[in-house]
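Here subunit A shows up in two complexes: once beside subunit B, once beside subunit C.
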Partner chain A sequence: MSRVLEVKGLESGYGKIQVLWGVNLALPKGGVVAVLGSNGAGKTTLLKTIMGLIRPWKGSISLYGKDVTRLPAHVKVNLGINMVPEGRRLFPDLTVRENLEMGAYTKRAAEKKDDSLELVFNLFPRLKERINQRAGSLSGGEQQMLAVARALMTRPSVLLLDEPSQGLAPKVAWELADTVDKLRGETGMTILLVEQNVAIAVEKAEYLYVLEQGRIILEGPKEEVVTKKSDVIKAYLGL
Partner chain B sequence: MGSVLGLGAVGLSLIFGVLRVVNLAHGAFLMLGMYITYWLFVLYGLNPAISLIPSFIVGLLIGAIVYQTIISRIMYGPELSTLVAGVGLMILLEEAAKVMWEPTYRGFIYDIGTVYVGGIGLPLSKVASALLSLLLVAVFFIVLYKTKLGTAVRALMQDPEGAALCGINVRLMYALMFSLGVSLALMSGSLIALHQQQGINPYVGHSYLLIAFVIVVLGGLGSLHGAYVGGILVGVIISLSTLVFTFFGVPQPMILAHFIAFLLILIILLLRPQGLFGGK
Partner chain C sequence: MMGYRAFLLTVFTLLILVALRFITEAEPIGFITPQFVTFVMFYVALGLAFNIFIGMTGYVDFGYVAFMALGSYAMASAINRASSLSLPGYGAIILGLVETIVLTFILALIVGGIALRLRGAYFAIATISVNEGLRFLVDGLDIWGGSAGIYVSGPLIRLVGHEAYSFIALIVSDLLLYATAFIALIITFVYLNSRIGYALKAIREDEDAAKVMGVNTTFYKVLAFSTSGILGGLIGASWALKLAAVYPPEAFNIFYTVEAIVIVMLGGAGTFLGPIVGGAVYGGLKYVLSGYIPGYQLLIFAPILIAIIVMVPQGVIGFLRERSERLREFIA
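And now, the complex of A and B:
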């Protein structure tokens, strides 16, 4: 199984506060991997560091076998990795169309813009209806759709999703989670899903990592983690 | 006059809106633009309108150097450090100007005729400077709202992290927008020089810095079109009240006009603290 993304001994944090303490993680091609963990475990920091929004202190990150540890986010985006950030990070005063166009900002993405637009409108027909509306005026679910759509416009082959279900009604959260299946089915995308909603993560992913206080304390194929180590899951995730 | 002030305020607002840096050296940049136009006119007889081009280029260069050497190193630090750096830069530029060009009042008259509108004489040079600044601001807003680069700038103003995730080189964009903001200040200074028949001196930036800040706050912090409209408003208030005070023979009409302008702004801000075009 070829590894698309490989993280080794990753340490990072904010200022003098260390958050990650030697995280190892790998994404197999076309797989869906989830990172579980309670609030403050370092999930968002992990994704931001992988993306290059936070500089890693130690360790290495490689994408398709190439070392990308020190590259900033905008360069990584061009290499085919992107993230749907926590809190969506949309441009509220731009329209839906402008938000999507910004996703196709790089030359590489701009060449495939029309194709990408078709893809995201197929995935989220609701966005097409609201194309000229300000992003800030959308509902929470629609905003999350737009955040996913904007990331897709950059044509990633690896997508990191940071808490896509956050702040959404359960029904909407599941609807969005279903796009994970569609994405890997239609585009063969490799997905790293970070979730506090354990039910969604366990349903969608085939391999699980459990992050606690900046360390991976447990990992394995989903069935193994859920059945054999159920006491750990209970202890850390409150299932 | 208002339109020219608005141009400078748009530059200040651009730097604040994009980089969240309050540029206290803005007035000093404006002063440099005035001197560029003054010297090119006095020494080479260059048309002040054409001196906008060297002002633009010098502004971009100085802006890039200042961004790279100072701003990029401290913009993520405590707010106070950018303020102190701004004051330091202002003093540096002003003292350099004083050493090079002496602390005397300078100015020139660029007379290309006068038009009379309703019995009031308007020097054509002032009309031309207003139209030029209007043109520059129009070009700026067309780029901002109608091009991909402009949309990227607006995106960056709203969410830098989201912009980085779209593949936008945030630091490069900061450097560009800081430089452009400085350029707008210099060009505004170049056009103000036409209104300053004897007032160009190394410290002339102070009063314009104050006016620019008031305009930016009046228009709504970080609102670019607010800055321009605010500029026109302040310019009109100052011009009109100067005219009225002169007509009634009040001593020092200019100073009183500034007082009236600040008083009105104070009242507007009491009624609308977020500024005319500010959100929330």
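And now, the complex of A and C:
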């Protein structure tokens, strides 16, 4: 399978503190890959570095074979990669509609705005009902839907999801997780899912990486990783 | 169009102020004289210009007065150089305005390019040092007359004669100030109704989220910063025409920055009418108080600030906007 996103020997961190120590990762086209790990393992840092919100110290990131290591986030968005940030990060004082329009900010996305809105409302009919409501007044689940929807408005072909289940009731978390299947089915999107909810990650992804203290300590197709049930898996994933 | 009613209302209010300036020329209405109106207009213009940056991005620039100082200096030095360049009086003023725009733009690019990588309080602290640093640079390196400053009124009188001077110091200076206020207002409206406004709003609400929407945040921050800075320079340049001299402790007085912050906070950051309400209330109070109890006008600061924070944290206009949906479209 052709690789859409390839990360090699990635190192990055904040100030003098190094978080990632040589991470290798690859996303096959149309695949769903999950990164698992405990608090502070570097999952969010990994996504932010891939997205360009944090500058990588070393290593390379390539998107569709093109080197994008040093590109800032707003340029990467135009190349068809986007992230749903941890904790949703909506524009709380703007309405649902305004948040979505903000997603169609780039020229590339603005051209497909109507089409994107249709796609998004198809996925999340609830957002259509709430279209003129302030984003800050939505429920947690709706806010997460809006965060995903807003990212979709930028028309990514690669989507990075940072802990979409965070702070949601289990039932709502699973509802959202099901959109991963829909996205794949309807748009053929490639998805990198970062989760603490292991059950969701294992259910939805076909390839797993386990990140610990900034290093990938285990990777493989889901069945392999899960059936191994090594000590590491037991300790970190509770399987 | 976003906020066009509020925009028209604000334009109308500004026009009333301008009319008041010229009506009271013949006969003052109570304590309202042309000087009073211009004094208020100075603060209104300051609020409008400052609001473009603070109101739209949420960043607080404590070094704002540096732009005004640069404008005052550019104007003063252009007037002083006019006779050697054999420029007529108005040529010198135009040169002063052009130099103001160029210098403040360069300052904005340098400061903005570096300091706007910082966020929140770090940005505010960095900008204070820009203002103080620039002040001591002028002082220490004897640039623009160093600590002694540059004379304005003397050279201007020599250049254009007494009669033309009083016309420039009173009328031309006022008109330039009023024009700056209008330009600031129009730019606010244009920004708000374009992609720029969307980008700035997103930055104000959540900068990282704005980045992943594809917004080049640094570019838009520098854009708002330099627009606001250039307008601040123009206010300084217009005001310099009224002064006897421009010198560092007055030109770089951080007090003006604090006043600008108070005005914007009082009226409501990010609104059209806010800077007008804030500027009029603050400037009016200051003028009247300094007339009746000189020296004590400084005392109005703390109570005003405390009252804003306790009673109307979003400013007067922000408060009214939240109170009434119907008012919202008129004043937002």
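One rule holds in what follows: the second predicted complex is superposed on the first by the 236 of 239 C-alpha atoms of A that agree within 3 Å, B and C clash if a C-alpha of one lies under 4 Å from a C-alpha of the other, contacts with A are read in each partner's own complex, and residues count from 1 in each chain.
Throughout what follows, a residue touches a chain if its C-beta (ideal position, glycine included) is under 8 Å from a C-beta of that chain, and two chains touch if they have at least 3 such contacts.
This is a predicted model, so every value here is computed, not measured.
With subunit A as the common reference, the superposed partners subunit B and subunit C clash.
Looking at the shared chain after the overlay, A:64 reaches neither subunit B nor subunit C. After overlaying the two complexes on the shared chain, residue contacts for A:121 are found with neither subunit B nor subunit C.
Touching of subunit A by both subunit B and subunit C, each in its own complex, is seen for residues 51, 53, 72-74, 77-78, 82-83, 85, 89-94, 101-103, 105-106, 109, 150-151, 154. Listing the residues of subunit C that touch subunit A in their complex gives 195, 198-199, 201-202, 205-206, 208-217. Partner subunit C is touched in their complex by these residues of subunit A: 51-53, 72-74, 77-78, 82-83, 85, 89-94, 101-103, 105-106, 109, 150-151, 154. For subunit A in complex with subunit B, the residues that touch the partner chain are 51, 53, 72-74, 77-78, 82-83, 85, 88-94, 98-99, 101-103, 105-106, 109, 150-151, 154. By the touch rule above, subunit B contacts subunit A in their complex via residues 148, 151-152, 154-155, 158-159, 161-171.
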